[in-house]
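The structures come next, written out as structure tokens.
Shared between the two complexes below is subunit A, which pairs with subunit B and subunit C, respectively.
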Partner chain A sequence: MTRTRLTWMILCLLGLASSVPALARGTYFTLDQIQQEVFADTSLAASKALWLNAEQKQAIASVLQHPFHKARIKYWRSGERNLWVLSEIGKEKPITFAVITRAGVLERIEVMAFREVRGDEIRMPAYTAQFREQTLTTEQELANSVDGISGATYSVRSMKKVAKLALLLDRWTYAGT
Partner chain B sequence: MKRSLTALAVILASQTAVAASNAELKAEVDALKAQLNSLADTVEAQTDSAATNAVTIGGYGKMHLNLNNGKDNQIDYHRFVLFFGKEFNERTRFFSEFELEHSLAGDGKPGEVELEQAYIEHDLNATTSTKTGMFLIPVGILNETHEPDTFYGVERNNVEKNIIPVTWWEGGVALSGQLADGVSYDVAMHSGLNSADGTIRKGRQKVAKATANKAAYTARIKYTAVPGLELAATVQKQDDILQGSGEDEINGVLLETHVVYQKDAFAFRGLYAQWNLSDEIDDIRKGASEQNGFYLEPSYRVGDVGVFYRYSNWDTAAAADEGTEMVQHDAGVNYWLSQTVALKADYYRQNKDDELNATGYNLGVGYSF
Partner chain C sequence: MSPHLRRQIRLFLFQWHRRSGVAAALIIVLVTLTGIALNHTGLFRLDRNYPQSEWLLWPYDSALVAPEGLHLGGQWWWADGQQLHRNSEALYPCHQLLGGASTGTEYLLQCDGQWLWLDASEQLLDSLDPGLFGLTMSARLAASPEGFQVYHADQWQQLDLDMYQLVAMADAPASESLELVALPDELSPARNQSISWQRVVLDMHSGRWFGPLGPWIVDLAALVLLFLACSGFWIWYSRRR
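On to the complex of A and B.
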């Protein structure tokens, strides 16, 4: 068998092997799925809107390190827990995250939809576990360090920004009640 | 009594009127809320639409000042690079990298204008994609990620520059995919090197009317399942680095492996690469049949400041004892003005065959976006 023919065969076999489910672009959680996992009784999860004033938009822009133009952010609340669905650009495309916060503490973060070409290792449980029990310092930084992922720098940055944003928003929901 | 009843009737009537007025007010407020939400939905939908339809533009660049002990100093805008990309549909996209080196290109000028990447990427399924065109060879640490703000040192390290050699691109077809969470692969069939004396760096044809009589094949496996850790290994086979022009074929095998690790403020990079070429190349350039190198680079970053040390060892004629072994020590600092903009400074000391070959300081500014 010629080397060229062998090479093409190997390429085809690898293409078939890649049909095994693994990390990739796609949608991983729908809103319904997240709500069912987070809220024991989804009927209790009331949809609310946090309307933002100029000062809050400024604070958000500082956390995201780019302008922020949305007038409000929708979230779901049950008891003390808030569920945020937030999107942030990775390198070129938005990554959508679900973040659950409770009284200033980040309980859980998940990637709902990943649209970039690479960097989806941030979905791995070993990575998202670093965000549990995170809080926000007075300088609006995450209190505990988060190790990066080589080759996924933009995705990692995006996730950290969203974690900080969710904790900031969580703080404001308590301030308003 | 009659007066009391009248007063009571008036009070009841006014309370009813107030209640009706409150109900009307509440209905109006609810209607206003619904209108505001609808308006906000419309504005946000327009903003999202505008954000996803654009052609993407990016880039990176670097200027440096070499303060060379015993030789002329030099200031150079070494690289000015633009990326252009376009997503045709959800599965097909174009990406390109266009570069101007050393500011001025043309006859007698020190610079070059180069197309370094231009390929169509197509997704076969959720975990597998192909590249067709001109792409970076999947090898090393810097070859695919070399924006100035992503590495320490003003200049790229000499091991990857001379042994791999970074930056290296070829034309062909590649297949990339994921075998499991955190385990990815790349395989490619592409154009080969063309080097009359086995100097790998000079053998890059850059897909510029390149002789394509003999191909090359690259395979890489990468592991990133642990946060902060990257392990990778690449193997490449060159069918004939003389591209059929010699009496004998000089084939070659490149092996490369590296580790990148980051934990809190500490980071480490370690890389080893080696070429084995057919022995006949030693008749053309003594010792060229074996070429190898490695480097170790610990670093420490707190906030926007990071410091590093790098030990490098490489030899482009390792099969002979001709005094070609190079050793270099680098130490320096990066200061990030923003996430992707860095000021850099370093000191280097280079020995050749245990004798001082070069030393000096470098200052640089680099960015990417």
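On to the complex of A and C.
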């Protein structure tokens, strides 16, 4: 192999490596897309809002481990299935998740928009599969353990918080609060 | 080398060792202290604090931008890099305010990262990710008593915040989102929100803070320090022999 060819290969590899962080960012689902995937007939999905009282905001703050200010949370419901669109800060920027719950059980979680430079491994199906059939314990923790990902610690933490939050919100929709 | 010549050199070096040491002392003290501070940027939180003293900020006049905000509903709305403020009251996390609109009873404020929807009592009703609607963070906004409008796909559309959808409009809105303008002096929290202590200390360390000649003076001080090390060694070594 000539020296020139080797130099070009190294430069190409360096260029590829430098572009990897930028590839992490992206919008993977729009609201319409996720609704169409989740609900067989989107026209039957009712757009709802959960209005929160001070006690509920406190409970959410406890799950998220930071103050929570919003007065309402939007969700969509069809039958017993709820679709939640929730955002939580990863390391520096918010990650938007779609979480599907049904009667206190987490059915599916997806990353809709990822804005950090790295850590998007959490959107891989092999990883999100760990959240299927998760429930919330009385201590507001996920019933089954979830593995971490080296280099995506903050993203993993956000995903776990959002999964717990969605299950908590789901519980409130059934409690009628 | 003869003992006489060695003594002469030692005397010469000794005299200049003292003189140059005194001459460079001030700069060496400055470079030493700033160097230690830079080595512990995190500990001293130099990257998170911003000096406000006029005399410290004199080299950065052109880089400092006057704080800007929106005058909506008779109130000033602005962000300080961390929080959204209404007049002097800090309300919710907001890194940077890009724009906003008011219906008279509700506000939609475009923060970098999310849009904040507030009611008349400044309660945060919801935060929206404009990307979910296919909108950019700084999309053109307008407001009327009926609600908020957004310019998308070459036309104005009604932003339905209950159904989370865009609805086509027949007419363009009467007024668009306001431009950011300079905050009044009484609300300007701090003149400097961009030049951190880390930058100031680094510029002092390199000499850039002192103007165009500064780096050359620091370079000279570094050469003097080198001379001090060499002359000190020579004085010690020649006496030892």
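We take it that the second predicted complex is superposed on the first by the 154 of 177 C-alpha atoms of A that agree within 3 Å, B and C clash if a C-alpha of one lies under 4 Å from a C-alpha of the other, contacts with A are read in each partner's own complex, and residues count from 1 in each chain.
The rule is simple: a contact is a pair of C-beta atoms (placed from the backbone, for glycine too) under 8 Å apart; a residue touches a chain by one contact, two chains touch by 3 or more.
The model shown is predicted, which means the values in this text are computed figures rather than measured ones.
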State whether A:A61 touches subunit B only (first), subunit C only (second), both chains, or neither.
-> neither
Where does A:K70 make contact in the superposed view: on subunit B (first), on subunit C (second), on both, or on neither?
-> both
Of subunit B and subunit C, which one touches more residues of subunit A?
-> B
Is A:A49 contacted by the first partner subunit B, the second partner subunit C, both or neither?
-> both
Would you check which partner chain A:A40 touches, where first means subunit B only, second means subunit C only, and both and neither mean what they say?
-> neither
A:A143 contacts which: subunit B (first), subunit C (second), both, neither?
-> neither
So, does A:L31 touch the first partner subunit B, the second partner subunit C, both, or neither?
-> second
Give one of first, second, both or neither to describe whether A:A113 is in contact with subunit B, with subunit C, with both, or with none.
-> second
Report for A:A103: first if it touches subunit B alone, second if subunit C alone, otherwise both or neither.
-> neither
Can you list the residues of subunit A that touch subunit B in one structure and subunit C in the other?
-> 49, 69-72, 93-94
Residues of subunit A touching subunit C in their complex?
-> 27, 30-31, 47, 49, 69-74, 85, 87, 93-94, 96, 112-113, 115
Inside the complex, what are the residues of subunit B that reach subunit A?
-> 37, 40, 43-44, 47, 51-52, 56, 85, 93, 121, 123-129, 145, 150, 175, 177-183, 185, 187, 189, 215, 217, 222, 224-230, 239, 260, 262-265, 338-339
Taking the complex as given, what residues does subunit A use to touch subunit B?
-> 3-4, 7, 10-11, 14-15, 17-26, 49, 65, 69-72, 92-94, 117, 121, 124, 126-127, 130, 145-153, 157
Contacting residues of subunit C [partner subunit A, same complex] = 92, 113-114, 119, 123-127, 129, 131-134, 162-164
